[in-house]
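Accompanying notes for the structure given below.
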Amino acid sequence: GGSPSGEGTAGGRDDTMIYGKTDGGTTFVHNYNVVGPAVDKAPNMELIYEPLMRVDYSNGAVVEPWLAESWEFDDAGTMLTVHLRDGVTFSDGEPFTADDAVFSLNLPIEQPEFSIAGVTYEKAEKVDDLTFTVRFAAPSFATVKQFANILLPMVPEHVWRDQDLNTWTNPEPVGTGPFTLAEFKPQQVTLTARDDYWGGELPMSTYKIIPTSADAAKAQLLRGDIDIAQGSWANGEQEYTAKDPEHNLYQLYPNGGAMSAMFNAGKPPFDDVHVRRALAMTVDRTAITTTLQRPGTESGPTGLNATVYADWINPELADPWPVDAEAAKAELADGGWTVEDGALVKDGESYRPTILFNNDWAWGSYADIMINGWRDTLGIEVEPAGQPTAGYYDAMNLGDFDITAASTGGAGVYGVYGFLDSDFVVPVGESATLNQGRWSNAEADEIIAAMESTDDEAELKELGLRMQELVVDEVPFSPLYDNFYFVEINAKRWSGWPTPDDFDHIPFVGMGPDLILTMLDLEPTEG
Amino acid sequence: MRAVRRWGFLLRRLGFYVAAAAAAIVLNFLLPRLMPGDPSSAIVEELQRVSGQQVPPETLESIRAIFGDPDQNLAQQFVGYLGQLARFDLGVSVVNFPVPVSELVLQALPWTLLLVGTTTVLAFVLGTGLGVIAGWKAGSRLDSVLTPLTAFLSSVPYFWVALLALWVFGFVLGWFPLSGGYDANLAEGFNLPFLASVLHYGALPAATIVFSAFGGWLLGMRNMTVTTVREDYVLLAQAKGLSRGRVILRYAARNAMLPSFTGFAMALGGVIGGALLTETVFSYPGIGYLLFESLNKRDYPMMQGVFLIVTLATLLANLLADSLYVVLDPRIREQG
Amino acid sequence: MRTGLLGAGLVRGWKVRVGLSVIGFFVLLALLGPWLTASIPGLDPRANDLTAIGQPPSATHWLGTTQFGQDVLAQTIEGARGSLFVGFLSAVIGTALAILVGLPAGYFGGRTDAWLNFLSNLFIVMPVLPLILIVAGYMQGTGLWVIALIIGFFGWSGGARTIRAQAMSVSNRDFVLAMRTLGEPHHRLLFHEVLPHLTGWIAAMFLSGVIGGVMTEAGLAFLGISDSGAISWGTMIQAAQQQSAVLRGMWWWFVPPGLCIALVATAATLVNFGVDELANPKLRAVRRSVVRRTQGRAAETTVGSDV
Amino acid sequence: MVAQFVPDTDRSDAGTTSAREAGGDVLHVSGLTVEYVTGGDPVRACADVTFTLRRGEILGVAGESGSGKSTLITALTRLQRPPAVTTAGSIVFHPRDGGPAVDLVTASPKTLRALRWTSLSIVLQSAMDALNPVMRLGAQFADALRTHDRTLSKDDAWARAAELLATVGISGDRARSYPHELSGGMRQRASIALALACGPELVVMDEPTTAVDVVMQRQILAQVLRLRRTLGFAVVFVTHDLSLLLELADRIAIMYAGRIVELGTARELYDDPLHPYTRGLRDSFPPLHAPLTRLTGIPGTPPDLRRPPSGCPFHPRCPRRFEGCDAHLPELVTSGRSDVGGHAVACRLHDPTVRPETTAGGPA
Amino acid sequence: MTATTVPAPSAPGAAEPEVPVLRATDVTRHFTVRSAVGARSVVRAVEGATIDLHRGRVVALVGESGSGKTTLARLLAGFYAPTSGEIVLEGVPVRQRRGRVERGYHKDVQLIFQDPFGSLNPLHRVRHNLERPLKLHHGVRGKAELDRRVRELLERVALTPAEQYADKFPHELSGGQRQRVVIARALAVEPKVLLGDEPISMLDVSIRLEMLNLLDRLRTEDGLALLYITHDIASARYLCDDVVVMYAGEMVEGGPKEQVIADPQHPYTRLLVESSPDPGRGARDREALFDADADGLGEPPSLIDPPPGCRFHPRCPFAMDVCRTQAPPRADLGDGRWARCWLHATDPTLPEPAPDPAQENQ
């Protein structure tokens, strides 16, 4: 290519790892106000600010230590005691103590506008320099994952204490992470590795983030201009990996969730489980994954990924539903529904459902596949209703949809199902931030509450199995295909990357601790 | 006396642009208030999407408090808005809270100015130049090829040309980079490699815009030249025995060019619109991409800020065109 | 010189004929599209052929298929409907507004004109696309109707200026004054004396409006602000762009819709050339061959008598 | 095609001819034919025009609208544009300095350009349109002056422009004005001054005073006459106002349907018009002082040049047509009775070979 | 249909003191124009004009370009409201509402424009032009009746056979024919006053006379009151009874045509007459005919900032001190003649006027 790829220029390419960020626009904004309600913050702020814990997706999405070395709940599940790792320092040399942790955890409590991580505790209190407690109102065994959220980072109290967070953009961030900010330009951000990082020594001295577009990143990867990028690459196996199988890595790590069809149980006809079942049974998931060029990634009906939740999932419910028109028709008949002229009819009322989806995810064609399927199998004419991102969320939150395409999933079984709590249900027309499908079920409420009040793994698994059955039976949502962390790596410069077959951490930029672990394992290649 | 008159004309135009700017400000103020949607819920939804976490309702309330209460009385809001504008405070970006919109806009503006500025000038020069030639030789082979061809070229949507250009010159041939404003391996600064890189990265977007925009000028200029060439003063210039070049330049082209300046506003509008689209194709770090992003993420303050700046810049460019027109046309006619 | 007459003179030039034919072809396509795609097997714009995903043109899929195994030809035909619908509707609205503003401004002059002219100048100097973008952005998830309305609503100013200028010049022509002297009321003067002279301009404006509408819709769709449930050329390009069709060399996906837009726009431009030439006879280029032939003859004769 | 002056002979002994004509003729036009080539039938706007222009003489050309006057002017100056094409004839120009005669029809662009303005200049009907609206007057003068005299400095050219303006009664400092800053009369005078800038031998004027009113017209023409007295250029003056020409011109050519139908001195044409058309034209101007009689003008309308009538183009309107007029095209022949230059007419009434029975009465 | 029954009035010059059909008294019209700067200035297009139009009589209005002739005609036609002064139609003052007179006024006063092509809408057939006024003013309905009336009108202006012309478009007619249609259209409303604004100046010389003869016929046959505006003083003499001369927005002289033309009293009239070509002037040296001193004559004045006093004084060879300061009064010279010139002012306090310049040539 004619582009100056810049070998050996500023920063020393050999010692640098470059990340082509595709989802942050064309420029970066110098904003390390990491707790602010901004959607776009400075890129890779999680390499500077770290959370207390991490979620291990290689192992049932359980929570593992990070800055916190260990923790335990009291029996009631309302008081969590956390023990911090010793020897952690901020990049300005100050030690990281319980004071900083308590300050960081109490920030969103004291200033709700900075409560972006969805915290549920009431207060954090220092016990000693390396110990503190977190108090909950209700049993909260299941919610410890919130401390693994990178949106709940540990910030230095001595720097942050006196700042007005409504205006402060934290231009010179000081954190516990492995990197410090070297230079911030809108079109390139350069981080320098610390030599006193608690987790060990990084193999690279510089980490550079450049903004790029999804398409451009692909070309840059092919040319080796960048080392890592992320995002799905349809047919990436042929178009990328096949060209240099050794160095061109296109990796998919299941994130445990799925893209699902969510039904609006808040209004007819989808308040009727028969209708929900019938439609869920007649989605041609294979057609979708075929056009996605991700064969074999159809989701099972539970919403739990069979790989991630191998130990948790009911094997009988793991397989994706095939298209079963007869069963679906029987369901409709059971519910007393007929299909007339493309509409669902019952008791003289006739419904023409629509399917809401996000235009910006180019989802219209998948909607078409579903619509075609429903027409062909059941004769129901479902109208497509694409919306740009903003309108999509609006419609979804207000319950202004019949069927919508939405991502489901979360950390752990509770994380996946927690949103179905009927506490979150509001009438159609009012904005709901959770359970937009407005499904309420007493049994589900009971299971969710039980999950929150225990940290006994066996009990949790039992609850999980009950919940799976309930979901498969009631179909509040119907998973379509698995969601993944898509990672594209050009391993010409750095080797030692994990692979989806064998990983302890995902090399996904943005999953702070996982990325750090990945980087610690890398080695520069020769040449 | 003449100078006074010219200044008078400009002052009047200035008055118009001030009024237009005022209208833009009012529009900018009213639009978000007349339209459905509010920034606070947008921000919460975005957060939810990005973090995959549940955002509690208290957060929504608190965020509401930051971005202004939609239930405040309109007049009060307007006064407050004007006060903000006077301080060049365009509000705080939702997506990049708490970074001020003005900072982001100012960061993106130079790139767009560079792109739109140079391409407008280039397209104008190229278009009018070729237009004069085609118009002078109206009916010639050159004209009969160039004119319909240009009609076709100027009919191709900007972003489509951009896509094709990206494909051919970026992917297939690899001559030009695919996104960004300059090579990430270079340090920003006023040095040769950096400037060369800026040129290299800007070349394809610029070429795209010039490609799509020059046709309009060409066609307009051709028609004006054809009309002007038939004017008596051109006939007289020929009768005077002036050289052909002089007749074309000083008599035909010089006069044929004038209406281009009155049409500038419309042409500029098209170029700006096209440039916005082109920027998104090339991920060029300008205002267009900023607008695109703020639209996608429903960053209302940013949308407003960008629109205001784009409008003011357009008005300013038009004022410049008017000034140039005054210099070029001693008659300072009111209409073109 | 019959500037006002549209009829015979207009259809004579090749430009106009070619232009009208192309537009007619696409209009027909838009009208017959659903019937065509329904009656030709395999030509369903929304059906997914899972055996042909992202395939280049072939015998079964003449223009190839998309990433989703959908037939590009069928989509292009269906897209004509969406695009031209927006184009025509927005042009109707824009033209109506332009006439509504431009005609009284030009005819009445004075204060009426001052205000209306200010209004249209205002809209002229405003960067319209960003404005449309923003308004369409606010009206989240708009259908083609709303898109067309918005485009029309913001796209009348240039036309109004033209109409105003022409109405002004026609209104000042003696025949309007003469009919006024006869005691004709304003509305008759406006609609029977002035307006018929503007038909050429209005037609040109309408066509420009159609192009503008098609192009703007494509732009909006490209940015994701259109109804992606509906198929238009713009949403096709957007879908292609979303699926990295460019990078992946799936040219058959994004070239046809773009080309169609360009063709319609070129056709409209050609028709406008014709209208321009009619209005401004000076633009009517002399056919070179004719001149050359005669000049040749002239040279012969003069040479003959001279040497 | 009747040519009283055959270019061949002129060419063959150019030297002697020039010498002979040195004090005599400046232009020999012969058989000049100009057509407008449009889609359908060509329009023959000048047909077989033949005349001689004497040095320093004012030749008036009069005729109705559409009779080809402007076409003749642009053809004479070789300024016609497509679709006008000179299809036949010659325009031989004899320079004052005795240089070789040039046929303007076949002359190269370079030769032509050298002749322009120094030998041959033009005044157009509307000075507003003929002056470049965005150039100062002085610059438009300097343009012409410096093109033909490359040694002239810019300042000198401007100074000369000021002098020239002064000769037509416009103060020299007006050279800095733009055309729109002058009144109509001033502009017209300025463009006359411009035409004289390089001392031409021949100035053609296409209705130079129709746009101004009678008082200004007289004023301007008075100036033209005065300048002609001192500079000695010849003038071809085109107008549709025969009554003006009768007062102004030495000789007058009457055009009808692209042809010269009568050519003679002003006196001859007024006192004794030979062609019925000329007579009708003369009688279309009511007198200002003489007793009023009822005048009728010339009934009918001028012919469509695309489809000219057969025979004499005037015959459909002619009160004195007789048999054969609709078949035979009369040629322009010098009438025996006339004095000096010859009073020529193209009418079968005056063709000695044709004798209609009805002409006994003679002109009424 | 009243006009046709009225007997033609007697020969020019013998007018009885009857009430004029249309009378303008001391009419002034100013235009406010805005320059590009936005500065307002006032164009004094017509100042203190007084004119009477009588049945069966033709008044010619002559004057140089920009002297306000058209403006006056349009004032009389009801296009403009006078800035001051009064227009009286058959003894009734004309009122204007929002710049427009009532339709009834147009029934009595019709205006004919200079350019016969421009004043016919090229998109309408001749028939349309004639039917509109019939419908508007006479409520003529029904095809047969309309046809009959259209034919009548065309025949009155000698466009025969009428059927052949009724369905033609203007571009299919010659200039003279078009002007006839224009006149027929004006006649269709059966007006009492016809205002011709240079109705023949755009026509070919050869057909101008036909048009003048037609107007003359209408005057005599229908008893129309005619205002004939022209540049061409010779044609004015041919057609009209009285001549009024305008200069720079003001009327400077008026009276029976022969007297005014043969013996102009105002220096401007004299200049005008002398400047007009007249082949019948007899043998004269060309140089003598064109002896105007161009530099001395100066330019016509600006109407925005007209010269004080007599507007002609900067160009007048007889200008006196008083001319520069005071506008001359109208001096009646008998026989219906009048002039607005200090040379003829009878004010005893003023200096003795110079010998009458007009006499020198006699």
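Every chain is named by a letter (A, B, C, D and E) in the order it is written, and numbering of its residues begins at 1.
As a working rule, a contact is a pair of C-beta atoms (placed from the backbone, for glycine too) under 8 Å apart; a residue touches a chain by one contact, two chains touch by 3 or more.
Chains and their UniProt names: B, C = ABC transporter permease; D, E = ABC transporter ATP-binding protein.
Source: prediction; values computed, not measured.
Undergrad: Which chain pair is joined by more contacting C-beta pairs, C-E or A-C?
TA: A-C
Undergrad: Could you tell me which chain lies farthest from chain E when each chain's centre is the average position of its Cα atoms?
TA: A
Undergrad: Roughly how far is chain D from chain E, going centre to centre by Cα mean, in whole Å?
TA: Roughly 33 Å separates the two chain centres.
Undergrad: Could you tell me the distance, in whole angstrom, between the mean C-alpha positions of chain C and chain D?
TA: So the centre of chain C lies 50 Å away from the centre of chain D.
Undergrad: Between chain B and chain E, what distance separates the C-alpha centroids? Give it in angstrom.
TA: 56
Undergrad: Where in chain D do residues touch two or more of the other chains?
TA: 82
Undergrad: Residues of chain A that touch two or more other chains: which are they?
TA: Touching at least two other chains: 215, 219, 360, 388, 390, 394.
Undergrad: Among the residues of chain C, which ones contact at least 2 other chains?
TA: Residues 137, 140, 224-225, 246-247, 286, 291.
Undergrad: Provide the residue numbers of chain A that touch chain B in the complex, in ascending order.
TA: Listed in rising order, the residues of chain A that touch chain B are 1-6, 9-11, 13, 18, 25-27, 29-31, 33, 36-41, 111-118, 146, 149, 151, 165-169, 183, 185-188, 208, 210-213, 215-216, 219-220, 223, 225, 360, 388-390, 393-394, 397, 407, 409-410, 418-419, 431, 433-434.
Undergrad: Could you list, by residue number, the parts of chain C that touch chain E in their complex?
TA: Residues in contact with chain E: 2-5, 173-184, 193, 196-197.
Undergrad: Could you please specify the touching residues of chain E with respect to chain C in the complex?
TA: Interface residues on chain E, with respect to chain C: 77-79, 103, 106-107, 110-111, 113-115, 118-123, 132-133, 136-137, 171, 182, 185-186, 188-189.
Undergrad: State the interface residues of chain B toward chain D in the complex, per the touch definition above.
TA: 2, 139, 230-233, 235-243, 246, 250-251, 254-255, 258, 328-331
Undergrad: Spell out the part of chain C that touches chain B in their complex, as residue ranges.
TA: Where chain C meets chain B, its residues are 15, 118, 121-122, 124-131, 133-135, 137-140, 158, 165, 211, 215-216, 218-219, 222-225, 237, 241, 246-247, 249, 251, 254-255, 258, 261-266, 268-270, 273, 276, 280, 282-283, 285-288, 291.
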